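Several structures are given next for inspection.
Two complexes follow with subunit A in common, the first pairing it with subunit B and the second with subunit C.
Right, the complex of A and B next:
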């Protein structure tokens, strides 16, 4: 997979980036602009099915995701970029199922026809994550060229979560040689933030689960899982956990507060989207990348480190 | 993480003689331990067929019991009773009574997909967990778990408008699951945010609860989805023989 810097990608923000994760939306757009990358939002998109619709019926989720891919195709795009792990995962899953499962193909065709739009066929557009977008178009050197103050002195635990790499069969481009992303030990976020001057710590829980699917319906389980992630990051010496998924990010922030209020376990590590960190490295103001829109308050730490 | 398997042997079936001498050999205490054999006769022969007919359970027959799923499982690491391999075994054997012992935790699967990635036989254990939780609820063995209330409320919004608004999802879920909005950690979280946000943004957040995001011209998609969901619902009830039960209940008054 390679992206040229000049290619305009279709942008699929998804519901979270319009709601609780506006800071991720804001910072993704801001760094795209700062890096000279072009994107255009998919017209009249719909929810990809998130983590819930598949539990009603997985084929409905495939349809919901495929509708967005078909619009991107109609708009003439070759690539769809999704910053949210859930969206990214679902679009990838739809692509895989439509190429491999005849029943999914049948349901998608039936629903698309009734809904009155083109039936998406696999292979027409490629779904990429915001990490792929930056890594493949400008890469580490592109970041280094744009970095102003950099992230010197900031230790980061990079947290990728579940949906960026699992299940492995829906990500055929991963684990394909030296420059590709790794399924078991992803490193794109580490690479980009290191290029921005930060120090990525060895974080063994980078693909562990935060319990995001049950963040409200089984809060105690989620709080325990999140607390484990936070404490491990602190034990690894991290000041910040960098995230790339709105569900993980909100879950980490929510349950950091809940762990303190309900379990009496306080942790101090801050949680920021990797796009916010890259933006700050490139000299964008905290407000430009939405630091004030996060639940937690990372501003004092950033000031302390002399980064803003 | 090693697998800590649940014990299949019930304590009351373990027999031990405090004093026992056989042919002049002292076998008192644990030297004489034996397990009383048990005969299982009440197999539910329909269980595997029913669960494999629900979404996610399709490939349960492929399982060869290697235990990779349980070994990889996020929830098993916190609670060793949460054991996908064992449940798949029970379902395939038709041992319903044994499965029902764990009925109240099966819904806790967080869909991290570690099992599905680890499985060498493409069983999709994550899907099997969801199918099993649905089966338990449809058969009346468990009340509707919170996760299902959440999934249904969320999906309903998506089907209706094409998008969701997370504030509405949250309030809707807390009210349907009988929880209060007035929880100290929730208040502290929201207050922490409100303190930092400028007035314009607060206004925008407030407006989002009135002008809900939606996909334009969604009507036909909605109708197509709702028709499909209704069809699936009928199929599910037929598969599990639920309509029969309801009819019988009605006949019996």
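Right, the complex of A and C next:
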């Protein structure tokens, strides 16, 4: 799967990065530029079919994701980079279903024809996560070479969420030897942030549920799940939880506030996208990586640690 | 003699009690508490199995009942794999406590084990809470009944 530094990837921001997760979009673009990586947004992209469509008809979701892959292929790309875990998961699932499920292939071909665009063929375009993009194209050494102030003194709990590695069969490139990502214990974020000078703590809930899906149907359970994640991070000694998923990130930030208001439980750990942390390590300003766009104010901590 | 919790409220209350014990007591009884926490994790998955009209397995997977119970719970329910690593972390912290020689390590693992068991309990109780509405997990399957989605048949020809 390895990406070279010179290869331009198709960028699929997805809906969240244009809404609640603008800081993730901003910081992904900023560190890409700082690292000399190239990307181009997919023309006229559409929703990956994340939640609502899936609940009506999973085959329609597969088509929606496949349309994006098809456009990327038409634009001449071999890789689509998706920073959002939900999008990444759905695009990977479409790749898998269209390579293995004849019914999905048939529905996708029919809808593509009806919509008047080329039908996606499995294997032509591969979806990668923003973590893969950075890890495979510049790696830890590339980060070390670009680090200015670094993240020295910052303890981080790396939180991957539930969709980055599940279900395991749609991620055939993971668990493929020493340098590949692990399904059971993902480590790419740990590797990159450690290379940027941070100290990643052992965090036992790094792939546990954030309660994101329960936010509307059962807010109290979501708040309790998040509170447990926050308290566990603090118990591990973390100053910051690094995230890579807009749903997890927003949930952690919002329920941190709600936990204090509703349950009277205050936690101090800050929540930042891993791209924001890498940007700060490379000397980009907090504004450049959208720290001001997060709900929580991480600036006092970053100043206190001498990082900005 | 430890009483088995009959529901999630009792189970979560017991976790709070264990969290509240003083350090000296926790150190002296660390192995027993680790065993009880492992058993509470098993109870969570037993509640899940019972809610699905299944008899909770007493088999072991990789030497642990909790891992076999998770495997049972995930059968036909792929989204239940979202707590697979949580169960494995419970086993890991349990083993750390049994092997630890330093008080700091023992107490740290106990604290984390309580939190991991609590996470499992909250995750599973949340799934049961919404079970009347369908499956709302991020890795979910369709929540609607087939009869509700006839409209999509014309479009995709599926169902």
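The definition used in the following text is that the second predicted complex is superposed on the first by the 308 of 308 C-alpha atoms of A that agree within 3 Å, B and C clash if a C-alpha of one lies under 4 Å from a C-alpha of the other, contacts with A are read in each partner's own complex, and residues count from 1 in each chain.
Heads up, the rule we're going with is that a contact is a pair of C-beta atoms (placed from the backbone, for glycine too) under 8 Å apart; a residue touches a chain by one contact, two chains touch by 3 or more.
Computed from a predicted model, the values in this text were never measured in an experiment.
Superposition model on subunit A: subunit B and subunit C are shown in a clashing arrangement.
By the touch criterion stated above, A:162 is placed in contact with subunit B and with subunit C alike. Once the two complexes are overlaid on the shared chain, A:247 sits against subunit C while remaining clear of subunit B. When both complexes are overlaid on chain A, the residue A:225 reaches subunit B and subunit C alike. Of the two partners subunit B and subunit C, it is B that touches the larger number of subunit A residues.
By the touch criterion defined above, A:257 reaches subunit B but does not reach subunit C.
Once chain A of one complex is fitted onto chain A of the other, the partner contacts of A:204 are limited to subunit C, with no touch recorded for subunit B. In the superposition on chain A, A:212 contacts both subunit B and subunit C. In the superposition on chain A, A:236 makes contact with subunit C only, not with subunit B. After overlaying the two complexes on the shared chain, residue contacts for A:83 are found with neither subunit B nor subunit C. The superposed model places subunit B right into subunit C at 38-46; the other stretches listed in 20-28, 38-46, 92-100 or 110-118 stay free of clashes. Shared interface residues of subunit A (contacting subunit B in one complex, subunit C in the other): 54-60, 63, 107, 110-111, 162-163, 166-167, 208-209, 211-214, 217-218, 221, 224-225.
Within the complex formed with subunit A, the residues of subunit C that make contact are 78, 81-83, 85-86, 88-89, 92-93, 108, 111-112, 115-116, 118-119, 122-123, 125-126, 129-130, 133-134, 136-144, 149, 152, 155-159.
Contact residues on subunit B toward subunit A in their complex (touch as defined above): 55-56, 74-75, 78, 108, 110-114, 116-117, 127, 130, 145-152, 154-155, 158, 162-167, 170, 173-174, 177, 184-185, 188-189, 192-193, 196-198, 201, 208, 213, 215-218, 220-221, 223-225, 227-229, 232.
Within the complex formed with subunit C, the residues of subunit A that make contact are 54-60, 63, 86, 89, 103, 106-107, 110-111, 162-163, 166-167, 184-185, 204-209, 211-214, 217-218, 221-222, 224-225, 228-229, 231-232, 235-236, 247. Here subunit A touches subunit B in the complex through residues 15-16, 18-20, 44-47, 49-60, 63-64, 67, 107, 110-111, 114-116, 162-163, 165-168, 183, 208-209, 211-214, 216-218, 221, 224-225, 253-254, 257-258, 260-262, 292-297, going by the rule given at the top.
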